[in-house]
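Here's the structure we're looking at; comments come further down.
Letters A, B, C, D and E mark the chains as written, and numbering starts fresh at 1 in each.
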Amino acid sequence: MTEAIKKKSVKTGLPPGSLIHIGVKKKESVEIKVFSYTENSFKEQLIEIKDLEQLIFDKSASYWIAVEGIHDVDVIKRLGDVFGLHPLVLEDILNTEHRPKIENYDKYTYVVAKMLLYDDELAQFTTEQESFILAENYVISFSERNTEIYEKLQDRIRQGGSHIGKAGADYLLYSLLDVIVDNYFNVLEKLSDEIELAEDELISNPSPDTLKIIHKFKIQMLYMHKAVWPLREVISVLERNEISFVKESTSIYIRDLYDHIIQIMETVETLRDILSSMLDMYLSSISNRMNEVMKILTIISTVFIPLTFIVGIYGMNFKYMPELNSIYMYPIVWIIMISIAVLMLAFFKKKKWW
Amino acid sequence: MTEAIKKKSVKTGLPPGSLIHIGVKKKESVEIKVFSYTENSFKEQLIEIKDLEQLIFDKSASYWIAVEGIHDVDVIKRLGDVFGLHPLVLEDILNTEHRPKIENYDKYTYVVAKMLLYDDELAQFTTEQESFILAENYVISFSERNTEIYEKLQDRIRQGGSHIGKAGADYLLYSLLDVIVDNYFNVLEKLSDEIELAEDELISNPSPDTLKIIHKFKIQMLYMHKAVWPLREVISVLERNEISFVKESTSIYIRDLYDHIIQIMETVETLRDILSSMLDMYLSSISNRMNEVMKILTIISTVFIPLTFIVGIYGMNFKYMPELNSIYMYPIVWIIMISIAVLMLAFFKKKKWW
Amino acid sequence: MTEAIKKKSVKTGLPPGSLIHIGVKKKESVEIKVFSYTENSFKEQLIEIKDLEQLIFDKSASYWIAVEGIHDVDVIKRLGDVFGLHPLVLEDILNTEHRPKIENYDKYTYVVAKMLLYDDELAQFTTEQESFILAENYVISFSERNTEIYEKLQDRIRQGGSHIGKAGADYLLYSLLDVIVDNYFNVLEKLSDEIELAEDELISNPSPDTLKIIHKFKIQMLYMHKAVWPLREVISVLERNEISFVKESTSIYIRDLYDHIIQIMETVETLRDILSSMLDMYLSSISNRMNEVMKILTIISTVFIPLTFIVGIYGMNFKYMPELNSIYMYPIVWIIMISIAVLMLAFFKKKKWW
Amino acid sequence: MTEAIKKKSVKTGLPPGSLIHIGVKKKESVEIKVFSYTENSFKEQLIEIKDLEQLIFDKSASYWIAVEGIHDVDVIKRLGDVFGLHPLVLEDILNTEHRPKIENYDKYTYVVAKMLLYDDELAQFTTEQESFILAENYVISFSERNTEIYEKLQDRIRQGGSHIGKAGADYLLYSLLDVIVDNYFNVLEKLSDEIELAEDELISNPSPDTLKIIHKFKIQMLYMHKAVWPLREVISVLERNEISFVKESTSIYIRDLYDHIIQIMETVETLRDILSSMLDMYLSSISNRMNEVMKILTIISTVFIPLTFIVGIYGMNFKYMPELNSIYMYPIVWIIMISIAVLMLAFFKKKKWW
Amino acid sequence: MTEAIKKKSVKTGLPPGSLIHIGVKKKESVEIKVFSYTENSFKEQLIEIKDLEQLIFDKSASYWIAVEGIHDVDVIKRLGDVFGLHPLVLEDILNTEHRPKIENYDKYTYVVAKMLLYDDELAQFTTEQESFILAENYVISFSERNTEIYEKLQDRIRQGGSHIGKAGADYLLYSLLDVIVDNYFNVLEKLSDEIELAEDELISNPSPDTLKIIHKFKIQMLYMHKAVWPLREVISVLERNEISFVKESTSIYIRDLYDHIIQIMETVETLRDILSSMLDMYLSSISNRMNEVMKILTIISTVFIPLTFIVGIYGMNFKYMPELNSIYMYPIVWIIMISIAVLMLAFFKKKKWW
């Protein structure tokens, strides 16, 4: 999270709309793929930025211009010129630490969303930014790296014949967001598996490491919340037909997407509640263990300390100690000591200490 | 809960409306029962999916098409074709992990609710999904297994003469939801009995198991909340007469149902507060017990440690120790030691340690 | 609270409006008292249910029909027939575990409120349900037992000449609710006295029993909240002139009643905050006491354990131990031991342990 | 707080508008001061209640009728008759435990506010009630004791020439409320000084008394919140020009007052957060100290217990113990014991225990 | 924070609009800089307060009057006269402890914001107040000290040719607020770096100092929240075009600023959650360490206490103790003692204590 802050501060004092890439360069070179399709036809091109202007837009077809890699400020600037994007939009596209939002402009709508990438080894996710420009008949997507996450979607476009072919650019934006949201389910599935593991471990063998894991997942849930909660607003705006580029027929799908977001939010909340309850359990398991330790110490101490005192008595060197000369005293002392020990243990037994 | 997430993730990348059954198959085969009734007549059929299309709908009668078992995607698809259901609705019917919701379409209204099944042995409930399609004169119910929970309702339809016979499909939907909500009361009754038991145990004999039980019921309350809270919105929508299929005369009953939901929500909240208070009590009972243990250890130790020191003194082997030769010293040492012990105990008595 | 749940579950599967008394029978027989009064006249009758129909309603007078005891389903049913009450209303009257609410029907308004009965011995209250039917010129009150709580109000009606005589049925309903709300102040007064006692005890002599008392009052505050919070909505509806039977001139009194409810809510919230703060104090007082115990143990142990070691040294039986033969060693050892003890105690003094 | 409740309960069963003084009598006799002023003139009278009716109201002047002492029910009743106040208003004026509120009547507006009096010795405040009646050209103020708090305001009126002279009764009400709110800043300043002191003490030398102080200030903040929060609503109503007696030109001043209230609320919230954080610190400082105590006990015990065992061995009286006869064993045992002690201390050093 | 309160209280009883400087004098003398610029021209003057009236305002140019230092009441009063500012506005400008707000007057809009100054040494920030007057074609800024924080912005104005030159006074206000908000990112970056450091330290080596640092940052976050949260409302008012001086074309930039504020708020919330989680970790790390200490004590005590008892037995001086004469008993006792020690250690090993 501190990343977002650190990046931002390099821009203090610069005028708004200053184009600076904020984030880590995650791809060697910027690639621009153009998918153009109608209900029946399909064409896929890998084009140079300089050829973009020659691209002829056929009003009856839908276009998906997928920009992979956003670290090259010049490319983004050229794109902005070609499609008439506002400098503030370009600034936000380049700032990979932006929160999800939707902004409506005259000729296009700008959407920011967060893609979560789960790292199996570290059992945590990282966040990448996806920006989208939705216009009459095209969608421009800006990804931080290549778009393999959209592969199945691309296949559906390539194969043709599905609803996507005839449904237009707004449905394409919905499909892209649907991929992102479906991916949230993947990440949540993996996280909740890990949390379940931690819960089992907490019950069988709580350790300070369990606490660190709880702490880690709490932070992860914070970030998840930060990525998903504003997206809810974005999709709500899309659903309410406030955006002219979104057709009535697509609304029903966006409502479905909204349902998914709500379900994710609820799951995140539930996981947070479970983590809180786990923390309570952990803290009281520490107390319980301390109790166990104390009991053992107390049993041993209280049994042997009086006995040690007794044997100490007859270790004294007084000239005049009548008991010492009696032949019966040694066994009698043993009997006394065993009685004390038995009584003590009975007392602890009654207290249910063991 | 993690179930819901796991199931969902198999669908990543598929187009919306892809029909996949998400959940566990809980019934061997799908059965479709049709109840058709008017105020005076009643007919009950068990029909095949292929005969469904031949079913003649009499506008003056009400129909309840009860689908038991939803794991067969083909059957659901056929039903969708016959009744003109949107693919997204079919997808949601098949997804048994959906949250309660209401969706209004032109020709029908789609309602999702959660049925809670209490398992007496484990003292916890599982959740099953009930979907309903409400149209002008019929209700289609989709249950994960057989509908014995609705048996008393079916009897009332069979016997005829009651309000249900003349009240139409909207009243039937109300009656079905009423059965589900009444069942929540059953489950809550059993859970609150168990919580009361745990509360008694907590006061008489708190143990780490009590904590696990508190943890378990907290999670159960979380799931209860998740099932009931969104249903409140569903019933609120039904009550506000926003759905054209719901007649004014049924509204009063739905308002009553809404009251029940609110009462359940309040009880769930109260139980959560009680569980929180129980956790506080448990944690402080641990601290109290630790205190008890510490006190016993401290009493025994502080009484005997000084005494053991004294007997140690006269166990020393110095050639020149005048006390050792005195005939009175041994009894004097005893008197000193008993005095110390009595003073110590008096001190602890004053401190109210025993 | 579990009571409310248990009672409710017997009704699963029954049609709505099934009349079953839910609750404990608190009075031998049902009695119906009728007070009819105008500004100048007053009449009080004890009538049988069968004579109720003969009761002639004079449009210029106000009537208070006080039903004491609601366990007799037949009586309630007859009453419902005579006054044209909806079966759902009758069902709610019989269900003594209903939450406070207001429902507006064409010919009457139905109000549910909770009466709190404080038990001085147990220092806790029980809840009883009061239902009211407000119509043009009469109020029907349904109480679980006799209405002695309304005695002073009845006296005011009997004496005549006061505002109540000329103010109509809506003002009568206000007066009844005012008695109930004033009684909340009584109960709160007693509870806050008890809480103050517990607070004093907590400061002077905290014990595990204090904790149980805090727990008890927290639960009591939960129930208080449950009784009062929904009543706020009820009175708010009455005040907003949404109910046609409530005259403008009565509104000002209901606004006053609303103020009282708000004051009660605030007091309940304050008491809850105080109880929370008391719990914090209790928990830290336990920790403090544990600290005291530990300090005593540590002082005694750390002073005597080294000394016991020293006397142990000279209790060894080595043939060759030069110190043992010196005449000065015994007093020297004493000096060493006293020095160690004094230093230890000085150390603990510096640490402010005593 | 329990005061408010106790006082209230004496009125159970009485009709609304019954005039009973609830509170403590804080002044010997009731005094009524009348300030009449225009932009240029000023007159101050101390009048008897019986002369009040003769008071001639000049429409072009503003009047401030300051009633000091409200325990005399007859005086209040007479005042109510003279100015046509509703019995419910009189009842509220007499009830010194009312929460702040504003009520609009046809001919006047009734405002209740709370004056806080800080007691330097006890370091806590008490609450007094100020009621105001605002009409076209006069304000009546009801104070529990004399009005020296308004002295500076009275001076400004006396001196004339300031804005207050020409600004009318609504500006006078604003000025009175402004004095009350400015006084909140005084009280908050003193409380926050005390809290700062407690914070310093908490860091330098936490003791159970610190906890009691935190508890006390938490309760104080609760009461502060109770006095200020409803006043915010009162002033908000005044500002929104809903009250016909408030001129547009005064609105801007009331907006300023509203800002002050918000600032006080924020400060109260901040202080509550600081107190919470202080409680956390206190609890963990207890734990820390316990840790310290335990460490000392453990170091001493674990060093000397093994040594005592060793010296015990050679204190045994076995006939056959070859070591005892060796001339080297005594120093060797010393070397062993010193080594053990050094190793133990090194171990604890490594663990950073000292 | 207590500063804000203390300053405020000196004004009790004074009439509203009394001009008193509340705060610390942070600059020797008051300086007034005037920047006048159009798209192409630029002029910068340092003028005396007495020359201000001679300043000719050219309607086609934009003016920025930067007042550095606000402790001189006379200067502020003169400025107020020249620009027709309301006395309440002047009072607020002089009160450096005001919360951020926006107030709309006929001829100008008054905005208060907070500038955060980070002190690297103490790792905490202080707050300074910036007030702005926005009118048709000029902005007056009031800073507590010199305006070097705006240096880059001034350079942009000086260089000309940028958007700011032609965009007017509203865009200038936006730019000033943008500098302030960008500075929040700087401060947050540094604070989150410090918090990260504390988190690392907490995991590697938790100490009571860590707790004090957590406490400090919690308080810092409280103040951050207090500075930023009301600014959100200010900017929201500016964005909603409720202020006539703000042009449509500037709105898009203010929307961007609003986004930044939201991002800062979210970061503050996240940091607060992280600090809470760190406190949990700290508290449980204390418990864990206590556990460790207890375990060592218990292991050493329970192993050696029984052994010491055994050696004590054979230190007794009874005449008749048959074991003492046996030649095998000494080694046998050693074997018994070693066995007991080994068994004890095995027991603790099984309990996973080491």
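To be clear about the criterion, contacts are C-beta pairs under 8 Å (C-beta built on N, C-alpha and C of every residue); 3 or more make two chains touch, one makes a residue touch a chain.
If you're wondering where the values come from, they're calculated on a predicted model, not measured in any experiment.
Here the chain-to-chain distance from subunit A to subunit C, counted in touching steps, is 2.
Fitting subunit A to subunit E on CA positions gives a rotation angle of 70°, reported to the nearest 5. At the interface between subunit C and subunit D, under half of the residue numbers involved are used by both copies, so each side presents largely different positions.
For this pair, subunit B with subunit C, the centres built from the Cα atoms lie 26 Å apart. Spacing of subunit B relative to subunit E, judged by their CA centroids, is 43 angstrom. Each of the following residues of subunit B touches two or more other chains: 283, 287, 290, 294, 297, 301, 305, 308, 312, 315-317, 321.
If each chain is drawn as a node and touching chains are joined, the picture is one closed loop, every chain linked to exactly two others.
Circular chain order, beginning with subunit B and continuing to subunit C, reads B, C, D, E, A (contacts as defined at the top). By the touch criterion stated above, subunit C contacts subunit D in their complex at residues 151-153, 156, 162-164, 175, 178-179, 182-183, 185-186, 188-189, 192-193, 196, 203, 252-253, 255-256, 259, 262-263, 266-267, 270-271, 273-274, 277, 280-281, 283-285, 287-288, 290-291, 294-295, 297-298, 301-302, 305-306, 308-309, 312-313, 315-321, 353. Partner subunit E is touched in their complex by these residues of subunit A: 1-2, 4-6, 8-9, 11-17, 86, 88, 92, 98-99, 101, 103, 208, 211-212, 215, 218-219, 222, 226, 279, 282-283, 286-287, 289-290, 293-294, 296-297, 300-301, 304-305, 307-308, 311-312, 314-317, 321, 323-327, 329-330, 333.
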